[in-house]
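Dumping the structure here so I can ask a few things about it.
The first chain written gets the first letter, and so on, giving A, B and C; residue counts start at 1 in each chain.
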Amino acid sequence: MSILAGLLLCAAIAWCPSLRAQTPPANSTASPLYKEVIDEAGRTVRVPLPVQRIVSLAPSLTETIYALGLQDRLVGDTDYCDYPPDAQKKTKVGGAINPSLEQIVALRPDLVLVTKSLNVIETVNALDHLGVSSYGTDPHNVRDIISSTERLAGVLGVPEAGTAIGADLERHLADLQQRLNGLSSRRVLFIVWSDPLISVGKHTFIADAMRLAGATSIVDSEQNWPQMSLEEVVRLQPDFLVFASSHSEAGQNDFDVLAERPGWRGLDAVRNRRFAVISDAVNRPAPRIISAIEDLARQLHPEAFAAHPDDEKKIAPPPPTQPSARPLDSASRVPAFLEVCTCAL
Amino acid sequence: MSSYARSASALRPSGDAGDFNSDVRLSVEQVSYAYSANPTQAPLFTLEATSFQARPGDIVAILGPNACGKSTLLKLIAGALQPLSGRVLLNGFITHTLPHRARGQRIAMVQQESPLLFPSRAWEFVLQGRHPYGRTLRFETEEDITIARNALAQVGAEHLSDRFMDQISGGEKQRVILARALAQQPLLLLLDEPTLHLDIGAQVDLLETLRRLASANRYTVVVVTHELNLAGQYADQVVLLQKGKCLRVGPPATVFQRELLEQVFQTPLTVELGSSGRPRVSMPSEKQ
Amino acid sequence: MRPLTLGRLLTHCALLSAVLFVVVVIALKLGAVPVSLYGLGHDLLRVLFRQTSQLSSEYQLIIFDIRLPRILLAVFVGASLSVAGASFQALLRNPLADPYVLGVSSGAAVGAIIALIVEPHLSLAPAIAALLTPVGAFLGAALTVTAVYFLGLRRGQIDSATLLLAGIISASFLQAIIMFFMSTLTGGNYRGIAFWMMGELQTPPPRIVSLILRIGFFLAAGVIYTTASDLNLLLAGEKEAMHLGVDVRRVRLVVYIAASLLTGLAVSVSGAIGYVGLLVPHVMRLLFGSDHRILLPTAAFGGAIAVVVADTLARTVVSPAELPVGAMTAIAGAPLFLYLMRRRLA
C-alpha cells in the first residue's frame, strides 16, 4: 500500500513538465508580421518585422551594427563587446559562449545575432527552444565579411546602409590592390598566441585579410588555429612577424618578450626586428578589418604609400619597423584572446 | 514462561522441528576439493575425500598443522565452496545448493573480520545477524532487537552494546562476532581459528561458552583450530588433517595417539589421559 | 540500542524535502532577472489554474521555461549522482569512489563528441538532431560501463579491486582520446564540449530526455534501495555478507548496472559535475549514519540540494555571465573534502 503511494508520488514528480506555462512565443510586441530568411549557417530564420530590438552575441556583430547605424536598436551585447566605446554601455548578457539566457529573454529581443565562429550551437538551440529568433553569420574571408554585412543590413531592414558600406570597403580594397600591384608579397607569421605557438590556418578570414595586405602566411594548414612548432617556423623563415593588439605598447612588448625566448633568435625576423603590430580589429570579421588590412599593408610595404605613389618603386631593404601609434583604449587584450582561444577548442 | 526462558528458547534454531532426538544433523560425505589458479594447470591444492557426522549439541574440532586444508573443509561445510566430489548435508539439505537466505538461517560462520570501512556499534553489528530473516525492504522488529540483546547476553558482552567495533579489544570483538552468529539462530555454528589472538584465559572462556551454548541451544559446532589441548578438552569429535588428507576421525581419545600426532605435527609429543577420560598433549620433558 | 525505524526514516526525509523546497524557491527567485517571491507564488497559482494570460510573457518564459526546468534538472542530476556515488562507495568498498571512477563520464564525453562529429553529415530534423548529443553521450557511457564490467571480472565474478583498476585505466584511456579530439577538431560545434565536460546545466535537454532522466532516476534508485540492507552487510565484508544470507553476486551486478545507469543519465544531460557523488554521501553519513536504508534517500536529497545551490551560484556570481556548475562544486567541494578527511583522522 505504501509502496503504491510512493510510486504515485514519484510518477507525479516525474511528470512535472506539465507545470509549464502554455504561452505562444510572444517576443514581438505589436505586429505579427515576419519574414523568413535563410542565414549563413543554412538555418531558416523567422525574422519579425520590423526589427526594433537586437541582441548581439559577438563583438564583430556589435561593431557591424554600429557601422550600419543601428546602434539605437541594440538592446544588449556581450561582456566583450568593447568597440566602439559606446557599446560598453549597453546591457550585458554575459559571455559569447555562456550568455545568460534569462538576460537575453528579459530584453525581449526581436532578433539575436550570432556568428558561427564564436558562438555555440547549444545557445542557438536553447534560444530556438524558447521561441527567440537568432540569425547567424559565417564569413570565411574578407569578401564574405562584406557580403555578410550587406545581407545582415537587408535582414535588419537597412539595405541602403549595407550597400553603402560594401561599396566603401570595396573602394578601399581596390585602392589597396592598385598600390600593391606588382609588389612581391611578404612572407609573414601571424602570431595568435606565443606559448604554445598558435597561428592562423589558410581558410580563416585573418589569412585572407593578410593576403589582401600583401602578405602571405607561411602557415599552410587546414585547421583554423594550428599549433606550430618553432622548428618549422625557423625552417620557413618568415620575413615578418605580425601581432594583433589593441594598442601598440602591448604589441612592442609581445615582440620583446618573444625575442628573449630561447630558439627565437634563429629567426631572421627576430634578429632584425622585423615585425608589424596591427589593430586587433583583424580578429573580428567586421567592417573595421579594412583599417587593419591597410595598416598592415603600410607596415609591410611602406614604399607603396609614399607621398607620390606613382614614383618608381624601389626595392628597398626591409626597414626597422615602427609600430604605429594607436590611441590607448580601455579594452584589454584578454577578451580578444578569449575569442580566439575558445575558437581553438 | 519467564522472559529469560522465553528468550533462551528464542535462540534455539528456528524451523526444522523435531530436533531434540540424537539424529545426525550434519553429514559430511566423501567431500573433496581441488583448487588451481589456472584451469589448465595442475591443482595447487587438493583436499581428499573426507567424511564425518555430527549431532545436535556436538562440538567437532578440525585439527591439523597450517595449510592442511582445515579452512577449506570448513568452507565446504558452510556451502561457500562447491565440493569436487561428495556432499555436505545439513538435515538432509545439501549446503551448497541452499538459497542464500535459507543458508543464512541455518549456518553461521565466525571468522577473522575484514576491517570495517565505516565502523558500526556492537548492537548494529549483532543485528546484522538477523538479515536472513527479513524481507527485502525491512526494518528490524522488536523480536529482532530482543534476539540481538539476548545474543550479546549469552556471550557476556551486553556491556559492549553501544561501543564502536573498532574501539574494543580483540577478545571483546570475538565475542561480539559470536553474538552476531548466535543472532542468526543457526543449526550449525562454524568457527575458523577463533582462538588465534586470544590469551589462554580468553581461549578457555570461549570454549566454555561454546560448550554451554551447544548443549543449551542444541547447536552443532565445528571449530577449526590447531590448539591440541583445547580440542582434546572440549571436542566430542576430532577430524585430523594433514596436507589435505583426513588421517582420522573420532573422539579425542582415539585420535590423540602419540605416533599419529608426532607424524602430523612433526615434533616429539607425549599424550596422557586425564581423569575425565580426555587426553592431554604436552612436549616431552628433558629427562632423555 | 536504537535501530532504524520507518518513522525515523520518513522524518528525516520530510525534513530534507522541506529544505529542498526552500532551496528551490530561493533558486527560482535568484537570477539575472529579479523576481519577487510574492509575485512568484501568485503566478504559480495562476499557472495551476490556467490563467496564464495575465502574466507577462517574458516573465513566464524566464521562470517556467528557463529557470524551473533548469532547477528541476539540477535536482534530478544531483540526486542521481549522489545515489550513484554512495552505491559505488559500497560496491567498491572504497570511500574515495565517485560515480566517474569507472570511466562513465569519459565514455559519455567521447560519445558526445562523436555525436557532434557525425551530426552535420546526417540531415536530420532539428528535433532529432537535438537528441543526438545526449543519446551519443549515453551510448558512450553504456559501452564504457560494459567494457569495464568485463575487464573487472575475476573468475566470473565482479571483484572490487579489479573493477576499480579497470575503471581507472579506461577513464585515462578515454581522456586521452578526448584530448586528441579536442586538439585536432576544428569548426563550430565542438566549442561547447569544453563547458560540457566541466558540467553545465545551462543547455536545456529535449523534453523526452528530461523525462527519461526522471523516470530512470526513480527506477534505478529504487532498485538500489531494495539492496540497501545487503549493502550494509557488504560493507562489513564480502565473505561475511555471503554467510549472512546476501547473494553477493546478484547484489553486485544489480548495483553496478543501476548505479551506472544513474551516472550515465546524469552525465548525458549535464556533463561531468564533480564532487557531488563523492562528498554528499560522506556528509550524509556524518549526519545520519552509514546505514544505507537511510543513507541512500538522504544522499538523494542532499545531492539535489547541493547541485541546485551550486547552479544558482553559478548563474548569479558573475552575472550575467555564467560559470559552469562543475566549477562551483569544485570550489566548495575541495575544502569540504579536506575538512571531512581531517575529521575522520581526528
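Rule of thumb we're sticking to: a contact is a pair of C-beta atoms (placed from the backbone, for glycine too) under 8 Å apart; a residue touches a chain by one contact, two chains touch by 3 or more.
Since we're looking at a predicted model, the values are computed, not measured.
Undergrad: Tell me which chains count as touching both chain A and chain C.
TA: Chains touching both chain A and chain C: none.
Undergrad: Specify the chain with the shortest distance from its C-alpha centroid to the centroid of every protein C-alpha atom present.
TA: Minimum centroid-to-centroid distance belongs to C.
Undergrad: Would you mind pulling out the distance in Å between where the CA atoms of chain A average out and where those of chain C do?
TA: Once rounded, the distance between the two centres reads 37 Å.
Undergrad: Could you put a whole-Å number on the gap between the CA centroids of chain A and chain B?
TA: 79
Undergrad: Would you kindly tell me how far, in whole Å, the mean C-alpha position of chain C lies from that of chain B?
TA: Each chain reduced to its C-alpha mean, chain B and chain C end up 45 Å apart.
Undergrad: Can you list the residues of chain B that touch 2 or more other chains?
TA: In chain B, nothing touches at least two other chains.
Undergrad: Which of the residues in chain B come into contact with chain C in the complex?
TA: Going by the criterion above, the answer is residues 78, 80, 100-105, 107-109, 111, 113-114, 116-118, 120, 123-125, 127-129, 131-132, 134, 136-140, 144-145, 148-149, 161-162, 184.
Undergrad: Spell out the residues on chain C that touch chain B in their complex, using ranges where they run on.
TA: 1, 3-6, 9, 93, 95, 225-226, 228-230, 232-233, 235-240, 242-247, 285, 290-291, 293
Undergrad: In their complex, what parts of chain C are in touch with chain A?
TA: So the residues of chain C in touch with chain A come to 31-33, 47-48, 50, 52, 55, 57-58, 60-62, 64-69, 72, 126, 130, 182-184, 186-195, 200, 202-204, 207, 210-211, 214-215, 218, 222, 315, 319-324.
Undergrad: If we count contacts the way the header does, which residues on chain A are in touch with chain C in the complex?
TA: Residues 10, 13-14, 16-17, 19-23, 26-27, 79, 92-95, 97-103, 105-106, 108, 116-117, 120-122, 125-126, 128-131, 201, 223-225, 227, 342-343, 345.
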